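Take a look at these structures.
Both complexes shown next keep chain A, but they swap its partner, so chain B is in the first and chain C is in the second.
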Partner chain A sequence: MSAPTWTGRIRARGLDAFPPERLLPDTQPAYVASWIYVFGVLTLAAFLVVLGSGAVIALAGPAWWHTSSIGHFFNSIHLWSTELFFFFMVVHLWGKFFMAAWRGRRALTWVTGAVSFLVSIATAFTGYLTQQNFDSQWIGTQAKDGLNASGAGAFFNVLNFGQMLMWHILLLPLVVALLTGGHILLVRRRGVVPPL
Partner chain B sequence: MVAGLLGAVVNLNGRAHYVHSGWFLISVANLVVIGAMLAVFALAIVLPFPRDREQR
Partner chain C sequence: MRPVSYPQHADPAAEWTGPKRRYDIVKEATIALVAVALLAVLLAAIFSSPDVKPVTVAEWASTQPNDFLATAVSELDGTSGVATYGPPYTHVAGAGQNIVGGVSIERALGVQIPINPARAFVLDPLSIPATTNPQLARALAVYEHAPQAEQHAWAEAFGAAVAKGNVVRLVRQHPNRYGPVPVLMAELLAIARSGGLDGALVSTDRFYQTNFTKALLFLADGSYLESLAQKEHLLGSQWGMMNETGNYPGQAWLWLYTFWYQIPPFSTSSNADAQIWAIMAVLSLAFVCIPFIPGVRSIPRIVPLYRVIWRDYYRRAGRQVGDSNTS
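Presenting the complex of A and B:
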């Protein structure tokens, strides 16, 4: 019998899809004992450092790193954790591609990973636009022509600093975080893909 | 100090260096990163993963 309330129904469905031992497992199949399987969690760890360093930068604003060595330090943490984030994600992507990781009803896991990769690129590009230096001006003036040619410039103006900052620190990271959360839940639901 | 040592080895403040051959054009920095990713990918496949003694 289904629960009489929507909260009860959501709880029942959640427990059915993600029983605690599946949501937080303490063992994995033997084939997971390979270095190629660690790059997903390395990507996640780098993403958390990106978010943390970005939150510290947000306290003093995006121009902080121009006037303070501490601001410069956190800006560098933000940059290099992003570099590692993409480095690990690309190795993770290659590993999963050559494993054909969409097998066994894992198509949505693959799709959420691929889309979060693309949204991460957009997030990083808007980060270039919020450096508040000549580099960001150059990138913005180059990017506007391509975006205007596609029509996207009508609602996504790369020369609008405020708009790019909000996309960089709120909208796009939120999408990446939601996609990543869904991606991890799908891995828990379907399990780690076995080797070919 | 570490940053100073690394900066002494690789100067990142100058003009970027490029590899250019016909239609192919890539910065040395990007080429190094791609090479490092390929190397890490290959090592991740061939290097043995440490296991607990009981599981061997």
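Presenting the complex of A and C:
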């Protein structure tokens, strides 16, 4: 018999960790019965709206929304979905904190969520830097002092529009998406933490 | 005896074997996405989003020529914000914020975005019109070939004249005191007002440009940008950059970071940025590591909010205990 392939091993491990009924469940433990549980999926939904509205702005380039009413409207959706995203995520985080949701080998679930929150702050921050308006000028010239004092400013130049745009539309959203994906898979793997 | 469906202390590491309820993850995600998208569209339609036009050097030079000239000459005599900033822009002995004692990451990393303020903000932009302006070309040559002490004396004298308010009259009274600096400054002001300096500050030897570091540093060295920010309640003492123009929520999630700048000793510390970033780094690490920090990870057990979240579960568990006692 030939040795198992890399593909075969990954498939076997994947099916072992995430059998279909665990990945896409149609039942939940009876204790999952509170409005607080909704804020996780609301955060994910807001993230998708942020990505979608950002993608529409990207179609015509970063300066489009300054000269087009349609572009400005999509920028407004981008702004408000970001505000909703953070609101939902903060409620979700507090909820999980008071559930001590890291119990039962779920510490990594908490860690990925917390890091995702911090990276999301950086993502939104670079968005403010790349608006190409007075807010961007002021926020950039103020923020540079903190970043320079931390040492990060030597390599992460908030006054360099091109660099910040790339971080905002590619690098940081990619990190948030990967962390969010890992976070969700961990929730599916370990299940929802039972009551204290 | 009946099996325990709602254990008082379920093992969080074990697979849940108790009662379950019907759940449709795809339906829930779809409803959430549609609801949030509609809410975002509604908020966008009602409140829109701010878009205050960016400040240009042309606007600054036309609106506040004295502030522009004072800033430009401070770049020449080495007293401007950028000239005295230190790393990552300029080589200034001892400059750079300390986290504690003499520990400075800024200094340790050194100058990574080198800027020569006199050359970047004044001399290089002037070299463009100097190719077609003989008077300016002569003034530039005189300035650049003069000893450094003389350059400094001319610029300092011109800066003092600008500060007194009537620079034209003062230059006419003592023309030799300022050397070629009045010609340089007059030309720079004219280029700035025409919009030429906005372009010159971002130009390099390449065609496409995406880096506004020099232009923004020059704007920030003046007081015009700050005066506009003050009107919009954006200064550091006004909760700074977590706000945005107009009545919008801004980056409310930066409240803790911005909070430190409002209180002593940070509100008066010259090392506030380094200290606050160090504090936030420690707090952020602690936030990520909550599951591993004794005491902090036990707070949820002390604050019984979980009793509210799982009230239905505890009601059933309590009823179950009562039933088993009576059976």
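We take it that the second predicted complex is superposed on the first by the 193 of 196 C-alpha atoms of A that agree within 3 Å, B and C clash if a C-alpha of one lies under 4 Å from a C-alpha of the other, contacts with A are read in each partner's own complex, and residues count from 1 in each chain.
Simple rule for what comes next: contacts are C-beta pairs under 8 Å (C-beta built on N, C-alpha and C of every residue); 3 or more make two chains touch, one makes a residue touch a chain.
These figures come from a predicted structure and were not determined experimentally.
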{"item": "Which superposed partner A:131 touches (first chain B, second chain C, both, neither)", "value": "second"}
{"item": "First, second, both or neither for A:171, with chain B first and chain C second", "value": "neither"}
{"item": "Contacts of A:34 with chain B and chain C, given as first, second, both or neither", "value": "both"}
{"item": "First, second, both or neither for A:187, with chain B first and chain C second", "value": "neither"}
{"item": "Chain B versus chain C as contact partner of A:91, first or second or both or neither", "value": "first"}
{"item": "Touched partner set for A:196, first chain B, second chain C, both or neither", "value": "second"}
{"item": "Partner touching more residues of chain A, whether chain B or chain C", "value": "C"}
{"item": "Which of chain B and chain C A:24 touches, first, second, both or neither", "value": "second"}
{"item": "Which superposed partner A:51 touches (first chain B, second chain C, both, neither)", "value": "neither"}
{"item": "Common ground on chain A, meaning residues reached by chain C in one complex and by chain B in the other", "value": "30, 33-34, 36, 38, 83, 90, 95"}
{"item": "List of chain A residues in touch with chain B within their complex", "value": "30, 33-36, 38-39, 83, 87, 90-91, 94-95"}
{"item": "Partner chain A, residues of chain C touching it in the complex", "value": "6, 9-16, 18-26, 28-29, 32-33, 35-37, 39-41, 43-45, 47-55, 87-88, 96-97, 105-106, 108-110, 112-113, 210-213, 216-217, 219-220, 225, 228-229, 232, 234, 236, 240-241, 244-245, 248-249, 251-254, 271, 273-274, 276-278, 281, 284, 287-292, 297, 299-301, 303, 305-306, 309-310, 312-314, 316"}
{"item": "Partner chain C, residues of chain A touching it in the complex", "value": "24-34, 36, 38, 41-42, 44-46, 48-49, 52-53, 65-66, 72-73, 75-81, 83-84, 86, 88, 90, 95, 97-100, 102-107, 110-111, 114-115, 118, 121, 124-125, 128, 131-143, 145-146, 148-151, 153-155, 157, 159-163, 165, 191, 193-196"}
{"item": "Complex interface listing, chain B residues touching chain A", "value": "33, 36-37, 40-41, 43-45, 47, 49, 51, 55"}
